[in-house]
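This is the structure I have questions about; it appears just below.
First chain written, first letter: the chains are A, B, C and D, and each begins at residue 1.
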């Protein structure tokens, strides 16, 4: 597949995003999202499945997967847009592919299109060696105030 | 718009879902989802926006909206399917329409199509008198074990 | 549901869109799309199902429904944006709800959110008294060249 | 990315699908879809852009891209499901990434999840060396009548 270039890639921003996503606020803290690898146009983030994310039936609440996809969809943009610009998730679509009960969730986001104003991103989330969900969405890039 | 019939509507199940969604597990508890009105093919649920759901920029983390839509998408099915059947969200799409900073989120789900095996649901989430997001998705109805 | 206002509604543009959509080019001509009613933020368009739109199994090719939704998704914008502005469909999602074999397709599009730069639209397509598909998508409004 | 196995892959069915998609009926004939390469879980199909697929502004009608994605979304299933089974597209989402004015459209579909009853497929459409659109959708696999 043809992939876009990322001329504005800023390794320092990428490096600053490594590690816990606690800076993203309450939901990211509750989910304990960790940024494993932040690249040029790509992001690998992880959540450990734990008991208080399960439904009473013992399955992961699928809202956790939706929230994780939403999180990486916006975050993957920061290293490749201007400093001070803002990445606003505008829409996404998610297909749930397998029930999750244990282990970790490995979310990998890849920017497949990038213009000055918008990006389109694909996301895979793996769990226990298979796909747990797949998503595709749009991010609006809002330029920094002059 | 043409809407489906709900011959299996069970008012007792609907009534049992009224109130706090705490039974749905950890994420629903963290978000403090409340079921305001449970009808035949419709569900009105609410979350109060609070500080620990905001990003450091003061906006609601959009993952909260995604998780709320996911929650009502599956829950709206229970009063209109057989007792013991299971509603598995298989996919949805969400458009974010306005930034949220305060107030409550009023999510209204409406089943627009229902067959023995699948349902399609539309969801509106209002905040402070305008739409915060709109979603549409599919739920797989898994029959109870014989 | 809260709906947006349409301060730029231009009845003359709406009136000019009434009737055959042949001006939209080859695919709209092939499908013989007809604009039945063009309103402020809404559009009702119709296609007659005919033999050469069916698959060898006698069902309407679902691509016809997808193309019809795509068509109304962009067209519904013209009466409510500035003259000379351009409505570029950027994404949509469609759920197919019933097989179609005969009759007409009645597509109704409704703008549910409108800002200076983007609109979100919902679409229902009815056939023989039931929903054939439901869609939701985004349109980018490109301002006229100065 | 983890990909599914295709134990039912039938090279003869795949081979039978090679070439013109005229057997799929009127819309596929109008669009002149050609199946370039049919594999186990993958399909490469092509449309040549021609004048009567353009809008009066000289751009490809985006409904052509939607109909092409819909076509490959279902067709990619046939070589990997039981003979006599039927692949019913149930939903998809498409992001338009670039305007198309000339050349060919190369659609590549890849099954990313396959169970007995459903498959999830991703599709890229390239034109003139860049992505024209990206889609993701669900297909219901209906078993052959006994």
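Basically, a contact is a pair of C-beta atoms (placed from the backbone, for glycine too) under 8 Å apart; a residue touches a chain by one contact, two chains touch by 3 or more.
Given the structure is predicted, the values throughout are model-derived calculations rather than measurements.
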Fitted rotation between chain A and its twin chain C in degrees, CA, nearest 5: 180
Between A-D and A-B, the pair joined by more C-beta contacts: A-B
Inter-chain centre distance, chain A versus chain C - centres from mean C-alpha coordinates, in Å: 32
Distance between the centres, which are taken as Cα means, of chain B and chain A, whole angstrom: 23
Distance from the mean Cα position of chain D to that of chain A, given in whole angstrom: 27
Residue numbers of chain C (touch at least two other chains): 90-91, 93, 95, 138
Chain B to chain D touching residues, read off their complex: 90-91, 93, 118, 138
Residue ranges of chain A touching chain B (in the complex, touch as defined): 23-31, 51-56, 61-64, 66-71, 74, 88-96
Parts of chain A lying in touch with chain D, wherever the complex brings them together: 1-2, 93, 95, 97-98, 108, 112-113, 120, 122, 124, 126, 129-131, 134-136, 138
